[in-house]
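Just below sit the structures, each encoded as structure tokens.
Presented sequentially are two complexes of subunit A, the first with subunit B as partner and the second with subunit C.
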Partner chain A sequence: MMTTTVPDTIRILVAEDNEDHLYFITRALEGLDGVQVEVDSVRNGADALDFVYRRGEFVGRQRPHMILLDLKMPRVPGLEVLSQLKSDPELRSIPITVLSSSDRPEDIDASYRNGTNTYVVKRTGLSEMKAGLQAVSDYWTDVARLPEPPL
Partner chain B sequence: MIELTPASPPTASVHAGATIRVLVVEDSIDHQMLMVRRLRAAGMKVTAASNAQDALASLDGVDLVLLDYRLPGTSGIEVLEAIQQRESAPSVIMVTGTGSIDVAVDAMRAGAIDYLAKGAGYLDALPEVVRRAWRHHDLAARATELQRLALLVSSATDRDELFGEIVSGARRLLRASSCVLMLGRHGRLTPVTVLGPTPDDLNEVLASDRGLDAGAGEVVAPWTEDGRMLVPLPRDGGMAVGMLAVWRRDDGYGEGDLELARTFASFAGMALRNLRQRELELQLVDELQQTVDARRDFIASISHELRTPLTCISGFAQTLQEHSDVMPEEQRADMMQRIMRNAGDLHALVDDLIHLAALDRGHSAPVALRPYPLDTLVRQCIGDAEEILADRVVTIDVPHDVVMADPVLLRRTVGNLLTNAVKFSASGSRIDVRGTIDGGRVRVEVQDQGIGLEPREAARVFDPFFRAVGSVANAVRGSGIGLALVKEYVRTMDGAVGVSSEPGVGSTFWFTLLLAPTNVAPADVVPGSDQTQMQPEAQAAGSTGGFVAS
Partner chain C sequence: MQTLSTTLEWLQNVTYLAVGVWALLRWRRQGDQQSGWLAATFGSLAFAVIVGAFTRDMEPSTALDVITRINVTVLLPFPYYLLRFLDSFEPVSTRLRRVIGVGSVVIVAAALALPRLLDPELATSTPNRLFTLTIVTVWVVALAVVARRFWRAGAGQPTLVRRRLRTLSLASTSLSIAIVVSGANPGGESDPFTLAMQVLAVVSSGLFLLGFAPPGLVKTYWRQPEERGLHMASVALMQATDPQEVADILVPHMRAVIAAQGVALVHDGHVVAASGVTAAQRRAAAAGSADSSNTFPISSGAIHVWANLYTPFFGQEEEVLLGRLALLADLAIDRASLFALERDARVELEAANAELESFVYSASHDLKSPLIALQSYVDVLSEEYSASLDDQGRWFLERMRSNCKYMEALVGDLLELSRVGRVETLPSDVDLGELVTEVATEVQHRHPEVEVTVGELPHVWLNELRARQLVRNLMENAAVHGRSAAVRIEVRSEPSTELEGGVVLYVRDDGVGVPAAYRERVFGVFERLEAETEGSTGTGIGLAICRKIAESAGGRIWLTDHEDGAEFAVLFPPETLQVPTGTASTPTSHRTEVPA
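Up next is the complex of A and B:
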């Protein structure tokens, strides 16, 4: 029987243009229980793609185990990032969580249509943000198993 | 232009030539021969049948049936009924040997158009009876044609379909070989639909301008020339000029044809006008729908823009409430600052919304423009925006000229453009503010080195709802109504706005202001305040009076 090992440190890419939201997300991720995370952040959709494709200023960076993606971002919107990554046979195995302040059904539906693995509505405050992200993290590291990021 | 293949006419009896096609149904071979001979001698095309079965099998292409009342094994009434069940039934004249009134009444009740007894000399009367019956039938067919068009007047929804119906209707009605519908475009006739072979002299018709100079509501009568008939369509209700050209295969046109054409043209004109009206209505509905959609998107988007700073404020406040006792002082201060900044964003957004609502209701107070030195005003605006410009390199190159402006509106204008430039450009990049004199105006530019706009975005960037719509996909923080306000502010100051932009290079937003007349002394600008003081000289020199800035 094949077994996969849970990685010691999970690399998470956060794509978020609002610096206050990023502040909460980063703090919340760093305080997660039961898992070590290494957070990289980008502030727009173009950089998110560059990061995952390891091009431009991100040449040589390791690919993330999972991605937290905002929808409303400059240059390349989140949905476009999502659809590009999820239609790439090599990269679509990376789990993506859309983390948006929108709870509009249109945004939720569009995100799933474009291949997001899950959609989480942003919560207010550090504790709540942390609780939400803890649940996401528990799911991916405890209940489910993460794939190895493509090399 | 649409080329239509001539469709087979809906009724067999409306045909292109004048030859009447008659079917003689008569079981007596002698009578049959005599009748056929007489009718052929009168120039008609005649076929014959000896029984009901043959008769019903020979109806194709027949205009008129001469039907014997007594046929082997059946009665003429039964055959008449069978004929009338056909889709394009020819007209029937009942023929009997008896001349009984009862038979005549039965036949007419069953739908025969005439009745003929085989009495003495009936063969001599035969061609005239047939001709008269034919005219009757033909009239009925033409009435049907007009009726069809009358129906289209109220029901047509598709241009090409209506054009097709008009030419095919005219072609059948006027027994034409070809029929062309032309509409005026850019001052000349253009064929839109051609039915039948394209006539050699079509260009000649197109080049002619006769009948095209009719005023609205005026009806020009149809006329004939060189074997063709030209039928102008009435042009009222904003209709474009239109003309129907009809070519006939053989004989010319009578007075009746011209009258028919005139009636037809009025129907066709009405149908075209109604269609145009319907198209305009649909267009209006479409535009209204777009406005409704834009507003819905705007509300969704503005809700998001309001919520973003609000969630940040409550998020930081909550975090402070829960953890401030264990937080380092510097982190507490950082959070406080973030709360303040978000509150500032929220404040600015709500202000913008209030202005937009006022503009939308048309309640923006008229302003009296006053003369101010441009550079002083612009420098003050930049000073007001000092905080957001902190990490940008700002250059100012503005002339000293005196412009006609409202200081409050100008401050909001420049403030919005600077905020915009900051939002879409990177920290440390340059923002250049320039002023150039062009004629009686000064043009003020705010140039950034930001992400720029796609041409289609640039075209709509001042649209009140555009940024809101675009921001769903491509938002940077902000209300998305700032530029719409800028446009309104500048318009209020009798100026114009614009943008030139290149994606990845940056955007240059500009607006113009009127230069003050040279003999006008500038008013003072009170620093750091939205209040303006009016100087007595300025009032004397050219103000329109009654101005209180607030």
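Up next is the complex of A and C:
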């Protein structure tokens, strides 16, 4: 039986093509209270898939505990990444949070239908961003329990 | 028997006289070849009738003999004339024409050569028998050909023309039988043979009259199917919504009305519909040089009709029907063109609107992304680098932050504006009184000096979020633009005077009001009457959103005519005041929209 202890450090993969957004997301994640976060980042959907499948330049990398996923990304769009990961019996256990600037009902709907665990709308301002991510992190590390990432 | 025979003869004479007079008058009026042959045919018959009537009681004499010979010369070739009449529509074979022609010459010559033409004592003599036989043969052959011709010409013709031609065929047939009957029994007076012959001759004369000059009533009766078709065509034409449709409906009807060989409709220099038309005729029609028999100009072109050979003679009145149809088509095409123009414009406008909305939507989303980054950098700067800036530097940062907030509000409002009406949501029962009280509390929280009085307000069936946006924008607008801090806002409702069953919601403030010239403009996007003031979050889109909400609910919004303060009025149509049809439950929240 798998242990369900809270890991000391949680690895989060951030898939985000906007450099500025990536910077502030990383900053916010690293400044989160009560949890040690190790951030890996990719800049497009294809790399996000490669990372999780540990192929190409990401061979040998450890799989993340959870994924923050942008929707609008080059090469492979976020929704496609989402549906591929969520239809893979091995990888679907990794919790995915869609982090998008869109609050379109259509986008939210499509994300949940493709299996996202959470949908968070990006907020303007650093403190707002931080607050949002803190809430997500608190939920996954405090309220809920994360699964062990698949080996 | 004698009386009957006399009556029949009299009837026959009168009828042939009538046909003869009709044919001669027609010839005088028209003067064409067809009328000429017809006048020859029935003029000769009428001449024989008149001469016969005058000479009936004359004693045999040289004078009578001369008159009789002249009469016979005129009368005998009559089937040949009739054949030539038909020949002028569609040529009869030369041989046949020649045979009948020669036959006619022979019988005329024989009539002139015979020593004593009508001597009863000689009636049974061999030359006379031979003479009679020749006449009967020539006449019967000619009339048979004519009868067949008339019959076949009727095929495919409109009802009236067909009935006329077939009547003439029957007339020729019965005349030919009458001749056979009389030929078989020359000289007899009142035996059954003569009676049969007389009956047939009367019938034949009547049929000729009916075929050539049918009375109006008969024509109307015979034309019924075409009139019905015309009526149906006119109904269909008036329902057509584009010129092509008009043409497609019209052309077959047009062709049917006169059994035209071909019809082509030219609209804006193009043949938009054609039937039975050759490629060359089509080209000529498009170029405006069609050799059609009938051309009806219409405002956008012309309708060309190639009538069949019998139409000019037998279908003159059908050509009038055709003219009526063409007139109708002209109207229908005009109407359809306008309709099509209007529809195209509407479709274009709708497409442009949809495109604009989708553009606004994606543009505002794309604007959000750099805004998020910008604002985050400003935050970092003011949080972490504030100490290394002087007062002016910090003030600049503050202005940047305030502008970011303003832009965020702008983008958010633009998104909202593009969503109203685009994202369809179910209406729910909204208690306006409750909603206004709630919003008033919010407004007073931001503007503590504002006073709000709420009158009796109805329930409306509206998307809850939209109702809240509407009320909030109007009240916030009143609080902000009232100018003095202690604005008094009054919200009330009254039955609509312009729309029965509707209700008008009034939101009034006691501020500076809106000059009459700006009362329409305030509802435009980005319309602001004054410069943005410190701390103001007005984007100039709020009232545009209100208008869109009101209009997508089927109502409208306007500024009433008031000098002291501004008074906004929102009309709620009757359908928003009751449970909408088709809504089973009364859901109060929806997942399709996320509050701004």
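In this text, the second predicted complex is superposed on the first by the 148 of 151 C-alpha atoms of A that agree within 3 Å, B and C clash if a C-alpha of one lies under 4 Å from a C-alpha of the other, contacts with A are read in each partner's own complex, and residues count from 1 in each chain.
The rule is short, and it goes like this: a contact is a pair of C-beta atoms (placed from the backbone, for glycine too) under 8 Å apart; a residue touches a chain by one contact, two chains touch by 3 or more.
What you are looking at is a predicted structure, and each value in this text was computed from that prediction instead of being measured.
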Chain touching more of subunit A, residue-wise (subunit B, subunit C): B
First (subunit B), second (subunit C), both or neither touched by A:Val52: neither
Partner chain in contact with A:Asn18 - subunit B first, subunit C second, else both or neither: both
Touching partner for A:Ile108 - first (subunit B), second (subunit C), both, neither: second
First (subunit B), second (subunit C), both or neither touched by A:Leu69: neither
Which superposed partner A:Leu79 touches (first subunit B, second subunit C, both, neither): first
Partner chain(s) touched by A:Gly125 [first = subunit B, second = subunit C, both, neither]: both
Intersection of the subunit A residues that touch subunit B with those that touch subunit C: 18, 20-21, 24, 101-102, 104, 122, 124-127, 129
Residue numbers on subunit B that touch subunit A, as the complex places them: 300, 304, 307-308, 311-312, 314-316, 318-319, 322-323, 338, 342, 424, 451, 471-477
Subunit C - residues contacting subunit A, complex: 361, 365, 368-373, 375-377, 379-380, 383, 404, 408, 415, 423, 591-594
Residues of subunit A that touch subunit B when the two form their complex: 17-18, 20-21, 23-24, 72-75, 77, 79-80, 101-102, 104, 122, 124-129
Parts of subunit A lying in touch with subunit C, wherever the complex brings them together: 18, 20-21, 24, 101-105, 108, 121-127, 129
